[in-house]
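Read through the structures below before going on.
Same chain, two partners: chain A is paired with chain B first, then with chain C.
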Partner chain A sequence: MADRPSPAGAPPRSPLLGGTRPDVSGGMGIYLTAAAVAGLMLAAVLFFALIFSRGAAAFWPKPLEEWTLDDGTVLLVQPVEEYDTGDVRARTGNREFMPGREDHVRIPASRIVSRRVPEDAVWIERREYGPFHGYLDEVAADGYHVRLPDGAPEVLAADQVLRVEPINRFGAFGRLGLWFRNVFRFLSEEPRESNTDGGVFPALIGTSLLVLLMSILVMPFGVLAAVYLNEYAKDTWFVRLVRISVNNLAGVPSIVFGVFGLGFFVYGLGDFVDHSLLGLPSNETRFGTGGLLWASLTMALLTVPVVVVATEEGLRAVPRERREGALALGATRWEALRHVILPGAKPGILTGLILAVARAAGEVAPLMLTGVVGLAPELPVDGEFPFLHLEKKVMHLGFHIYTVGFQSPNVEAVEPLVYATAALLLLLILVLNLTAIRMRARVRRRLEGR
Partner chain B sequence: MTPTAVMSEPTSHLGRIAVDSANRRAPVEVADEAEPIVRVRNLDFWYGDTQALFGVDLDVPKGQVTALIGPSGCGKSTFLRCLDRMNDTIDGVRISGTVELDGQDVYDPRVDVVELRRRVGMVFQRPNPFPMSIYDNVAFGPRLRKELGRKELDDLVEKCLRSAALWDETRDRLDQSALGLSGGQQQRLCIARALANQPEVLLLDEPCSALDPNATAKIEDLIFELRGRYTIVMVTHNMQQAARVSDVTAFFLKGRLVEADRTEVVFTRPSKEETENYITGRFG
Partner chain C sequence: MARRASDRRRNRRDRLAAGIVRLGGAGVVLAVAFLAAFLVREALPLAARPEIHDDRARVAPLGGDGLLFGVDPFVEAGWRLTAEGVLVLRDLRDGATLAEARPFDLAAGERLVAARLAPSGGVVAAATSTGRVALAEFRVVPEYGDDLARTYRFSEAKVRWLRDEADGAPITRLDGDVEDDRLWLAYAVEGEARVHLVRGRLKTNRLTGAERLSVKDLAADLPAPAADLALLDHGGLVVGLSDGAVLGFKPDRRFRTLDAMPTTAASGLEPGSGGVLAVRSLVGRGSVLVVRVGDVLEHHLPRPREDATLELYLAHAWEAPVRGLRDVAVSPRQRVFFALGEDELRIGQSTAGRLYGRSPLAPGWRGVLLAPREDVLAVWQGDGAVRLEPVELHYPGFTWETWFTRIQYEGLPEPAYVWQSTGGTESYEPKVSLVPLVVGTLKGALWALLPSIPIALLGALYCARFLRGRAREAVKSFVELLAGIPSVVLGFLGALYLAPKMNDRYLSVLLLPLVLALAALLLGALWARLPIQWRRRFHGGRAAWLLLPLFFLLADFLLRSGPGLEGWLLGEPLTAWLRDRFEVPFEQRNALVVGLAMGFAVTPLVFTLAEDAFRNVPRDLSEASLALGATEWQTAVRVVVPPALPGVVAASMIGLGRAVGETMIVLMATGNTPITSWNPFRGFRTLSANLAVELPEAEKGAGLYRTLFLSALLLFAMTFVVNLAAEWVRVRGRKKL
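Here is the complex of A and B:
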């Protein structure tokens, strides 16, 4: 450029003025990396928005609409979805009274002759057959006298009726109240109707217990192993081999851990406990089948690598001067470890706990093989000695999503439940993580003397 | 133990402050009063295959301040760490020769290292308070022994903090984190912490190198205060500091002890050319 003849009169251009490159001030790099972050944020927002909005919507009471069809059928429905094809899908309830025992209909919108929202329609939650949509006349000794949407009288047995909600009479606040009641029942009730209805209380308890027990099992184990590797072991080929193995363990597919747990804990250890320790007859099993203990142990095994790695990080972060300071004051190696090094490594140890909990709470595959089942309304904790029954099978939110979503007889009824359960599982992991992160922040503050 | 190499050669400058009572005459005057509490003979030291100390002989007089000077990497810190066996914590080190504390070889396999380190306290280059309260820092050593009651421990902590000239600044915040103290305060706290073990010898490994001049002056005052009650061996890079606070100065060069004598002698009439060159700033 400098050689180019300059226009008449203009001074020659300095070679320094080479024009603007696209990358002056690092522009390209910024755009590229920022785009990646933006994409990431978008994905995260979409993900959480979808799960939580669908999950929350599952409990939102939709008004009951009365549809009169071209063939004279009268339905009382909660609309679910409209399709591009012109079809509409709606929940009709009243499963035992519907043709084909379906409580959803999908029909072309053109077949609907008239729509209205009757003030006096009620939504009744029942023990069986899902919800009832209709009109309530009176509550008598022999049960609830109701009318079907088309006016035909019926009597619902009193012990079948859980609650009656006059949905169409509710204002915004009434609906919000109902939303909270629905959420509370979801959290506190047992599942009914092969998991297509009711709540997830046993799964919530099962998941929490599994994570808790896993943490109790994995932390001492992982921390002690890390202390040995970092503080005592010399750097030999054997120790390096152990480290590599531990790291590789973290990459093993979790279902493989499940297979190991089944073969070693359930069939191996379990049989041994049953027949050699407890002396049960050979046709009886207590620990020789999947249960809370074996599932927790399998998860502990699954998460031990992250605990070891994080704890080793934490131990390495304790400055050498501090270790020597303790030794120079006449502490034995063990005392230095206990009073100075381990307290200093606490943030790392808690990071290990956070990662372990996050991984364990979201894991499903190995649990299916080692003690989690689709339906186990009986909790592993009760008032009976020894209060915590380690051999019992438990439910789990992650597995619940799978059984409800894909193993249930009423796919349409459970779709909102799947989202709700997923949202709950996410929320649980979030709460567990936040608790651990707060704990770590507190420990860090103390270590830094703030 | 073979101190003969030193004693048979009375002209050796290494022998000037040596033990032999027959040799305790001029030109060393003041050192005569002091019994040596630490006696090092023919000390060789290796990090792996690298030899860091070559046949060091040194007597540390009781109740006095001995300064170890010399250029970086000359082995003075290594030497200091031999005295309380802190080098044991490093992999692949080897040592030969003897280090005696009150006549007992500290490298005797029967020696309890924990007990040794209580009697020989150490303060490091960078202040290294533990992330706990000021009180707990000082009480760390005594608590390990579990000999003191609550009241005695309180008294000891106060005494040590007073000795380290830190009591007035910390009396109202003993339960606060030691990491909230300034660098100089932290270093004095480390000295107080070492004093709480009631050691006989106090090793200071460049205690002022991480501190500003003000804090350095305070530490120097403190060393002067502690002199007499404790035997102090300090490594320092700062020759003015050695001249100001020490009674005896030992000059190390390339892993060898070149010269050790009364401080005023070393700084005014050094007998070796290397010493002269170093203290006049011609190298190092």
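Here is the complex of A and C:
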């Protein structure tokens, strides 16, 4: 790739030093390596742009267009996508009134005879059958009197209707307001219609509880191990073994932790708790199936190396003088650790915690074996003693993406929802990681400035 | 005094803290060791061999003789069928007679001369002295008394006569079974060189509920009288002759003729020449065992040929499995059999082709049968009593042969590596080859590393050598951020966005890296020829920012024109062209899609580690090189890369470990079909995705469950070795420096 080296005594005249021969292969080399960085950055930027734009677009209230087709059919649709083949795909709503009971159509654009945006069209969010597109006449005691796009009257039961939004009347600010309302509903509502509609509130709660419980379990253990490695250990075969173990724990595939969690925690410990401690009859299980506790324990095991590595870095950043100063003043090792070293290492420990949380929030494979489900009937926290139910199955944002995206009968209808969930999860993890990276940079600066 | 007490307390606390901290350190080692040990513990029972606990056997009276016997699932009641056509049910706990039934209303003086129990139990084919043959379906059902004591009775037997001609034909060889609404019977008349296949079809009148049976009898000539025969599924049958020939037959589709199957054998095997003593089908009736004179046991199975006809294939043969081999007994649930000799028996398994340890057998036994729950072997002794021997089969169908070698499964055209752990029926033959999964794992990793390793290493070199100050920190942080992207998001994007989008622009996707690299090289060559002032202004550190918009435009153009390009060059999409021209099969969710998605997950990891390795090269080296007049590029390639090489190799290996273990991306972005194919346009199933798919459904403690733990152990071992090797390479490299 590069030029042959010149014979000794006659160094090549570098073009950087104002030589005459241009270093072509050097330039090509630098640009090739630069291409790798540029390619990776481009891919990453496109990736983020795709996820976030589609995730945000999922809440954007598109105007309802009235399409009259060549066979006289009248539809009120929100256009979704145009294809190279000349087809258009649009969301029609009104699932139960559509032929084939689908709320999407894909037709050649040439079939559309006329398009217009009727001012008085409304978008109604309903408990079942997805949104309704049509016109609202009046709200009476027996429900909402509406007209379908083609004018046929219908009555929607009042308890089915969640909200009515006259989308086409909204200006830009009205739309933005609706966008925020939609986001808020997405975050605060339970899923409906077997996860194909509604929000992700239980998944948010489940993820948070899982991560919280995991942090409580992993932090003492991880910090202790790091303190051992950095403060107490001398360079013996055992310390090398601990180090190798930490590295290997970091390299073990996450699904293997899931297998271990299922076999040991769920089937092993869970069975023991159920039948030996609680004395349940043999055909009943409470802890013997996947649940919050087992999933958290599994994740705690998985995130140990993350905490150890970050904490160690934090410990190393504590200047030697402070350590030795404390000991010289007569503190025991424990006192030095407790009052000088650990406080100094706090940023590192916090970095570890954040990284562990980010890892656990994004991990799915081990969770699907140990207690995360696509649709949990109830939250693991409620008003009933003991308020936090460790044996209950929980929902999880990452697993939500998997189940909704891959186990729904109507992939087209849920796609925006999946993008929205993915964007939410990604945002969460990016914020966590960004915080951790910035904190770590601070730790490293201290380390280097020592 | 007080001071010393407080010192003592402080010291105690110090020691306690030190202890706890050490415990924390040891805890990590313990965790890893325990994890591995637990996986081993769960997988280890697979190595256990079947055992018969002859020492814990008990003898129960069955009372007298008969043609057949059987036991209920709890082995608390046993029945026998006498020559008079009486079914006698006895309590095996106290010997009391519980019931007697006469399901075959025989004519006066008519007796049963032969009977055979179907391998799955519950169906008895019986021939009478007048030449009539019936299939009887009955079960032994438990009844609970007021004190919850279990007692037993016969369910009402359904008896259907499939040969109702009382012509006195002596029928002693027969086999029959029920398949949904079809009844099958194969029989041979003593002394005749012919075999008969009878099909009965049941039609139930929906209004009256009355059953109508239509019977059709086909016959085929044999070179010699049949010594024994057994039914296969869907009306196939295998006949063994006294001259040693073993023949397969199959009715044609319209049930007009009974056609002979050609016979073949596995390489290195030849059918024995000894006369046939017994032919028995294994459960599911997908294969048969043949017992020959001279202590030879053979396993034959019909397998489809290219023209969709069947051939009878000799899969395994054992010489002298036991002393004085007479017969075989088969398990009602899996492909396990018992080779029965004069005074000993041996357990075998047909899928793996394995024989296990011997066990004594009372000489003069009448029959041997494995209880429905496979926990007791019942031996009907000459004195009319049954000896009940506890059995632990363990996992005879799960051996290293079934995991790692080609197996001739029932119904498949040739020996193959197949993973298909469960099937539609209870008597399904599990296919648990780990080879397709290991191949899938390596294939996924390969296609992920192919794009990501060059990008990561080149990028890391650029970041470490040519980027300066804040730009470098920004790029590094950005890449670290990328490393945190959850794989479920990548998997979902691969499956629902990349796969359909790439469908008609594979050519562009494959060309893209080449085009971009060429553009970069061209630009680099141009840059090198710029006057020095310009080169200073656009120094190497700015190259990436210069390339970014160019790449965006190029990629956008190339990908947009993808379908058109393929149409113009090939006349059809690349994938269709490959299929039409070279018969390369194509699946939308394939290795290339996974390679891109997983590559995006692996690249940041390798990038970060490799960058560290490049940056850890002492600055004295590179500065000395520059000072001596080497160019930046010469310094990077010849001075910085060689000492960083161990670290770079270690980084790549850690990337490999990550790719091998990645679950969600492959789970979502491939079809998860466990095929053994390196074709990048097809999907695959990895060890990790297989665990995610199958473990939640696997019955705890069953063979499949333990096999999955074994595969988890395999995955653990693979990554463990890779990580350990990476560590070793890295440490050695550091020592050298």
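Quick note on the criterion: the second predicted complex is superposed on the first by the 385 of 450 C-alpha atoms of A that agree within 3 Å, B and C clash if a C-alpha of one lies under 4 Å from a C-alpha of the other, contacts with A are read in each partner's own complex, and residues count from 1 in each chain.
The working rule: a contact is a pair of C-beta atoms (placed from the backbone, for glycine too) under 8 Å apart; a residue touches a chain by one contact, two chains touch by 3 or more.
Bear in mind the structure is a predicted one, so any value in this text is a computation, not a measurement.
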Looking at the overlay, does A:L50 come into contact with chain B only (first), chain C only (second), both, or neither? second
With the two complexes superposed on chain A, say which partner A:Y31 touches: chain B (first), chain C (second), both, or neither. second
Between chain B and chain C, whom does A:E335 touch in the aligned arrangement: first, second, both, or neither? both
Taking the superposition on A as described, I'd like to know which of chain B and chain C A:V252 touches: first, second, both or neither. second
Report for A:V308: first if it touches chain B alone, second if chain C alone, otherwise both or neither. second
Report for A:D142: first if it touches chain B alone, second if chain C alone, otherwise both or neither. neither
Which holds for A:K234: it touches chain B only (first), chain C only (second), both, or neither? first
Greater residue coverage of chain A in the superposed arrangement, chain B or chain C: C
Which partner chains sit in contact with A:D382 here, chain B, chain C, both or neither? Use first/second/both/neither. neither
Chain B/chain C common contact set on chain A: 332, 335
Name, in rising order, each residue of chain A that touches chain B in their complex. 234, 319, 321-332, 335, 339-340, 343-344, 446-450
For the complex, which residues does chain C have touching chain A? 10-11, 13-14, 16-18, 20-29, 31-33, 35, 38-39, 42, 454-459, 461-463, 465-467, 473, 475, 477-482, 484-489, 491-493, 495-497, 513, 516-517, 519-521, 523-529, 532, 535, 540, 543-548, 551-552, 555, 563, 600, 603-604, 607, 628-634, 636-638, 654, 657-658, 660-664, 667-668, 688, 691-692, 695-696, 700, 708-709, 712, 715-716, 719-720, 722-724, 727
Once bound in the complex, which stretches of chain A touch chain C? 1-3, 5, 11-18, 22-44, 47, 50-51, 84, 220-221, 223-225, 227-229, 231-233, 238-239, 241-242, 244-260, 262-264, 267, 301, 304, 308, 332-335, 337-338, 358-359, 361-365, 368-369, 398-399, 401-402, 405-406, 411, 415, 418, 422, 425-426, 429-430, 432-434, 437, 441
Which bits of chain B are touching chain A when the two form their complex? 84, 86, 89, 91, 114-115, 117-118, 121-122, 124-126, 128, 130-132, 140-141, 144-145, 176-180, 190, 193-194, 197
